[in-house]
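Notes follow the structure.
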Amino acid sequence: MLIGTGGTIKADLLIEGEKIVATGQEMDVPDAEIIDASGKFVMPGGIDPHTHFDLPMFDTVCSDDHYTGLKAAAFGGTTTVIDFVPQDHPTLQESIDAWHEKADLKATVDFSFHMNITRLDENIISEIPRLIDEGIASVKVFTAYNDRLRLQDGEILKVMRLCSKHSILTMMHAENGDVIEVLTADALAAGHTEPIWHAYTRPAWGAVESVLRGIALAEQANASLYIVHVNTAGGLDQIRYGQARGLPVMGETCPQYLFFTEEYLERPDGAKWICSPPLRKEEDNEALWDGLVDGGLQTIGTDHCPFFFDGTRAIEYEGEWIAIPGKELGSEDFTKIPNGLPGVGDRLPIMWTYGVGKGRLTPNQFVALTSTNPAKIFGLYPQKGALLPGSDADIVIWDPHRPLKYGLAHAHHRTDYNLYEGWELVGYPEKVFLRGQIIVDDEQWFGRAGMGRYIMRQPTGGVI
Amino acid sequence: MLIGTGGTIKADLLIEGEKIVATGQEMDVPDAEIIDASGKFVMPGGIDPHTHFDLPMFDTVCSDDHYTGLKAAAFGGTTTVIDFVPQDHPTLQESIDAWHEKADLKATVDFSFHMNITRLDENIISEIPRLIDEGIASVKVFTAYNDRLRLQDGEILKVMRLCSKHSILTMMHAENGDVIEVLTADALAAGHTEPIWHAYTRPAWGAVESVLRGIALAEQANASLYIVHVNTAGGLDQIRYGQARGLPVMGETCPQYLFFTEEYLERPDGAKWICSPPLRKEEDNEALWDGLVDGGLQTIGTDHCPFFFDGTRAIEYEGEWIAIPGKELGSEDFTKIPNGLPGVGDRLPIMWTYGVGKGRLTPNQFVALTSTNPAKIFGLYPQKGALLPGSDADIVIWDPHRPLKYGLAHAHHRTDYNLYEGWELVGYPEKVFLRGQIIVDDEQWFGRAGMGRYIMRQPTGGVI
Amino acid sequence: MLIGTGGTIKADLLIEGEKIVATGQEMDVPDAEIIDASGKFVMPGGIDPHTHFDLPMFDTVCSDDHYTGLKAAAFGGTTTVIDFVPQDHPTLQESIDAWHEKADLKATVDFSFHMNITRLDENIISEIPRLIDEGIASVKVFTAYNDRLRLQDGEILKVMRLCSKHSILTMMHAENGDVIEVLTADALAAGHTEPIWHAYTRPAWGAVESVLRGIALAEQANASLYIVHVNTAGGLDQIRYGQARGLPVMGETCPQYLFFTEEYLERPDGAKWICSPPLRKEEDNEALWDGLVDGGLQTIGTDHCPFFFDGTRAIEYEGEWIAIPGKELGSEDFTKIPNGLPGVGDRLPIMWTYGVGKGRLTPNQFVALTSTNPAKIFGLYPQKGALLPGSDADIVIWDPHRPLKYGLAHAHHRTDYNLYEGWELVGYPEKVFLRGQIIVDDEQWFGRAGMGRYIMRQPTGGVI
Amino acid sequence: MLIGTGGTIKADLLIEGEKIVATGQEMDVPDAEIIDASGKFVMPGGIDPHTHFDLPMFDTVCSDDHYTGLKAAAFGGTTTVIDFVPQDHPTLQESIDAWHEKADLKATVDFSFHMNITRLDENIISEIPRLIDEGIASVKVFTAYNDRLRLQDGEILKVMRLCSKHSILTMMHAENGDVIEVLTADALAAGHTEPIWHAYTRPAWGAVESVLRGIALAEQANASLYIVHVNTAGGLDQIRYGQARGLPVMGETCPQYLFFTEEYLERPDGAKWICSPPLRKEEDNEALWDGLVDGGLQTIGTDHCPFFFDGTRAIEYEGEWIAIPGKELGSEDFTKIPNGLPGVGDRLPIMWTYGVGKGRLTPNQFVALTSTNPAKIFGLYPQKGALLPGSDADIVIWDPHRPLKYGLAHAHHRTDYNLYEGWELVGYPEKVFLRGQIIVDDEQWFGRAGMGRYIMRQPTGGVI
């Protein structure tokens, strides 16, 4: 059965070179090599709209680079990732160039870039429309991380207006930077160092209000808005409030916000679950599941940004022993724990078993949330996210019946832990193709560094 | 550009006989006849999920039968209609047979049936699962029309449970029959006879509460629910209330509820706008537009059920002079005005100009609301509602630039008025194909009675 | 400190005979007897707007009559109850007369009547306006209890319109009778007999929808509406939905819906918690607390209707051994368990400790919800529910510091169990006055049968 | 009939000196002077919780000082105003002292102060708890007026936490300062100068989001919050969102937001309606009325801050010819139009006729919204806002039947226009007493400068 063709149909795909050239019934093409997928689902490769690779943070760097991370993505059935370019250089162009330098020769699946806008001046304003020439059709702004990543509301309004004019989509990290700043200073002053204080100092209501703030700014700017990593029921309430008033607001959540709660931060190994925004409560988990089903939320990303839990101990990766400073950096101070979780490879298998398998999502919704919608929103469609004539032959043959005890052994992230260690899965990628070439066959890896291609995206304004 | 393939792509369609067999890029098929659609949109034919033809009402019958009505549909770009079978005979089977007798030899486009359940007993209960053998995968129940069409809540619950068990979708006409009964008796007793009293005696809050009532019953029955012809902002509020709690509730609206208000009933020719549920207020119009955009509502039907405004004066139709008693029957008593409006042919042209043309809907949303979603919900997909390999070659070539002053002259409904008389349109069907055969080419008609085929539908449970 | 004067003030009350004649500061009235209430709260006696005494049910009668029940009320600080008159006789007048016969000679505190309307015909319609002559300014209708107490929606609409015209307030028991009928028949057919099936067969969504149905009918009738014993978060959602649209909708909840859940029905003694509508979930408890605070709900009643848990074993009451068939009647069949709980005496002590003591309610809110609001809504104000010149001298001197281990020993209900057995309280009535006469002094009883007076109420339309 | 005693009762008031000492029925007090109020309502004097007198703005000052403005208040039935002290001096103490200097010798009715906090540092933080010694129990913060009055979110959080700790109530002016800054700069750059641009540059969504932002900050600070001058339906939505989640959020609106819309700004004399936040749309008017009725909003203030429409032409006031630069200052530039409207004297008469007279408010709600609730929220109760023993004898005898064509001739504001010019009223103050002394008798003025007393307020935390 083919999914990602607008529905689930029984048909053949004809691939020529990198492309799907036709879909048809009982096509009889002389000399074609035949791959039999009876009993399996054939889907467009997953698209992770929210990843970070090789990202410097605090005094270290996240433990996956564009080779290891994209390889892990591929094993999990994801063939395109959209990575965030930090605005680390004087110009956007230099920042982008630097990111290409990291990614281009290493990438093992296709990738594209979002641009973070974390500092605004006239030069940057003049550069934004030119992002399109770089194939970048989306920018992210932050209402949090005072003095580091945050833009002021007026600056965000200006970015949104400019983006709206050029059909570039604005994405937003919605937390209240001021609240976090005040609470963090207080917590440290009071001598609190444990991971749970990460959650206490980034309270849920700060996310709720800043979602609405983003919506209000977008309304004023006549812009579409994509809220990244929605983690609270209240944030979703406000997204729905905007949608019900006719505003083009979209929301993404991530698997970690569907399965885990603040209580994990209270474990001895709580640092493993440190991410921003933080995990919340069970009722938030439940509300976000509802949002995936009823259309309040449009996509599932990962915010993949892994660190070692214990960066003092090396692990083996492709024959090398690797150790990268990680979560232990914050063992005496929760503010020094690198923020982020592994996830790019876990996304599809986990969501299949716990979404489709548990009857919460249909196979079509699964593909829509993890591939087709990201493609449409971010200007990759129908090149990616679809099995249509003209689409790239990024294809996953998914075995819906394969049982697996998941964990570090199967996830190929370069880190020393997995959030879903020991979870029992049913359903897993069997074969993964990137533009017509097989890169994963069961447990075997046929990909190679540099075969992933940078994808120029079209500005769409992001409305689906 | 092809729409209805999951997106909008530039590609060719290969048709063999009645079917699309492939979609591909620059396909080179020897001997194929080529139809050039450059500069046009190529879409799956419209599917009207809510029509009435040849329906007896009061002392007359609606003025379109399955020949004239389906021909009008075709001219408007609609190639499939789903007609309601009234439960007019002792058994469902006899009712269905009677409806086939009316439709089968006349139909000019494809059609399927919904079954009305307006009387429940053990025999009917035993017949419901067998509807599937008749290709009927959806039933409609009414909370209004006391002593005529209404089921009691307990009966509706039973129907829903049974349907849920067999993946048959329950549709509901949601008004409060008791309120209408009381108010109507009062109005007549007070000597009120004008059309506006139709609206006064079927108040909006009655629809709002019965939508929630339907949702509550469906929740209890673990059933999906499709609310037909949503006409109030409050009804949509309640649909959203259900959806936000994770319930599979869907809503349909009709063009008349997007453009007209109660005030039309106060005109001297107010009877023209008599339908049930009635037209409401401007804020309801606006709210329903929002619902189409944000996903609160899934489909646009028509509830096509036309009558002559003045059935004493004949009009010419295919060379014959036709006069059928109509709205004038109620000139002395609003309760005797036949309820219903023409619309099956107006739907696509009107929604294109006022939806897509005004920037309220994208072309993809237009196709989803008028074709793909009805197909998915009602078990026709991907045979209908899609341009996919294996789909029926029901195709509309849509000229997005054609200007037209619309009205009775263009609509092919067999009646003496059109709701949109004189409206200026831009965009209109240029060619319409039914299973590979051209039936409309500009103003020319190539269809014929009986070429429309009855489509057996699959039970899907109706969730999209 | 006086509460119930519009606020909390330090002042003296001057009582002459049955009345408060003045409130003043340091009043110097010769010959007045002085009662020192320093350090205590002085409040108007509680008003329980929802009680049943001597009510026949199934093959028994509730275990409190108008002597024992009103005495229990008095010990709990309640000096007025409003009891429901069942429509058990051909005319309303006869039904009322019969109820006076039960109550008048036994009553130990003041009382008034609501009239149940559970059967409607022209005679009853003509009697309704005359209820005012009987001092009855409120009627209750039921959407549940098919073939027993339920009115059809159209009948309810007629009652509401008539009541609205005469400023009589309509109260509604909101559950879906049809759903209950169907589910109960199924449960019995499947052999389910345990108490928990009482909850399963009266599902929460049935209450949610019927609240909105009541609101819709009231809107149409231009009537005020008072929803009795709101037990679900969703019902409160819908009350707020109505209120936010400017409709005069009010809601009552009862202590049992704030503290207990369905899970109690699964205990071996689950029958003790059988009431209608049933107890629900913890999130419903929480939502209802919020409603008390934010004004979504206006009153706290009890729906007092006690039965013996084991009516085969006698208990002593004022020296007599009493045994009345009770919950054991349904030991083999949950539908035969008499529905109802003791509570009239528990209300104020429990709500003080768990409302005021826990910081959820202020003392003013406590008095408003349990006395002033019921008085205003039901036409007793300012005769009752206030400490104002002209008010009846129904006064409670409340000791906010008294600790007490509560339970059957303190509650004076004539039954063999108490819902709050062993709960630790802080705060309890010290002295209770009925129209100037002391009736409770600490643990001592000075009341007597017949001293309670029937209070004629004024029609107010119920808006506060 | 007495209102403001917790209800409406028929009783006498006994006044000794400045105080009500008793309320009673047919009190027979030797030597007492008797004022007959039969057929009238006797109410506590109005309390305007939101006024500005003698406030410098741009290059002028508002046209009422504490003599003329409080006299106008008195004629309109208001006997207490709470005026905002701008933080215009290095210390709060100096700012307060300066404001006493303006007010103390001029005040003709009682008054109290709120403190604006528009600049925060360690010294100010240390002064805030001492506000209580100055009788100031409430502070106002602004999210708008960048670089002038705005605090950053983190500063607001700190103010709220401090206030919460000391039971001082935080009030908030909720608009988005950044949005206004950006839009205003753009409008001026584009050469827009007309009054309507005041509305365009302060958009509604900015108020909506900042209301929720305030709520989120208050939740984090565990503080109560009072949103001043709510002007949008959306702001009220968000207040209700907070309230429904159990948060102590209150809202005030003003008459101008109930009656007028943006369209007034498009009139040639549009500057007359310039205030901040601006007038909005009819649906906002309607929603705010609903909020007054259903408890979403607690108070009606005025934000009185009048200016001359044409400050170049003098008017006569108490025999003097007065001209103060006003709205004409902005005739070439909307940003230079002084912001503010007259209203302190209009409030009660306008709200009586259009609230009580139109059946939208009961007399009790009228008194609650305009007197009792402000008294309770701001720590004046029961000294003010009530007719209880111990209350100040601030009394209005209100003639509910007096017809009046209202306007400049009746309002005693010192300005040259009235918003309600020519409106037909029914109901007007007949006599006004301040602490036992008559100050207004029909059209006659018996007050004098300095007889108004500064009222020390108690910190209450503001919860009602």
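Per-chain residue numbering starts at 1, and chain names A, B, C and D are given in the order in which the chains are listed.
Note that in this section a residue touches a chain if its C-beta (ideal position, glycine included) is under 8 Å from a C-beta of that chain, and two chains touch if they have at least 3 such contacts.
Keep in mind it's a predicted model, so treat the numbers as computed, not measured.
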Next item on the list: From subunit A, count the fewest steps through touching chains until subunit C is reached.
Entry: 2
Notebook entry, point to check: Hey, how far is the Cα centre of subunit B from the one of subunit D, in Å?
Noted result: 55
Next item on the list: Find the geometric centre of each of subunit A and subunit B from their Cα atoms only, then give the gap between the two centres in Å, rounded to an integer.
Entry: 40
Notebook entry, point to check: What whole-number Å value describes the gap between the mean CA coordinates of subunit A and subunit D?
Noted result: 50
Notebook entry, point to check: Residue numbers in subunit B touching 2 or more other chains?
Noted result: none
Note to self: Please list each pair of chains that are touching.
What the structure shows: A-B, A-D, B-C, C-D
Checklist line | Touching residues (chain side subunit D, partner subunit C) in the complex | finding: 4-12, 14, 19, 21-25, 27, 240, 243-246, 289-290, 293-296, 362, 372, 376, 381-382, 386, 388-390, 463
Notebook entry, point to check: Within the complex, which stretch of subunit A touches subunit D?
Noted result: 146, 152-155, 157-158, 176-179, 181-183, 203, 205-206, 208-210, 212-213, 215-217, 219-220, 237-238, 241
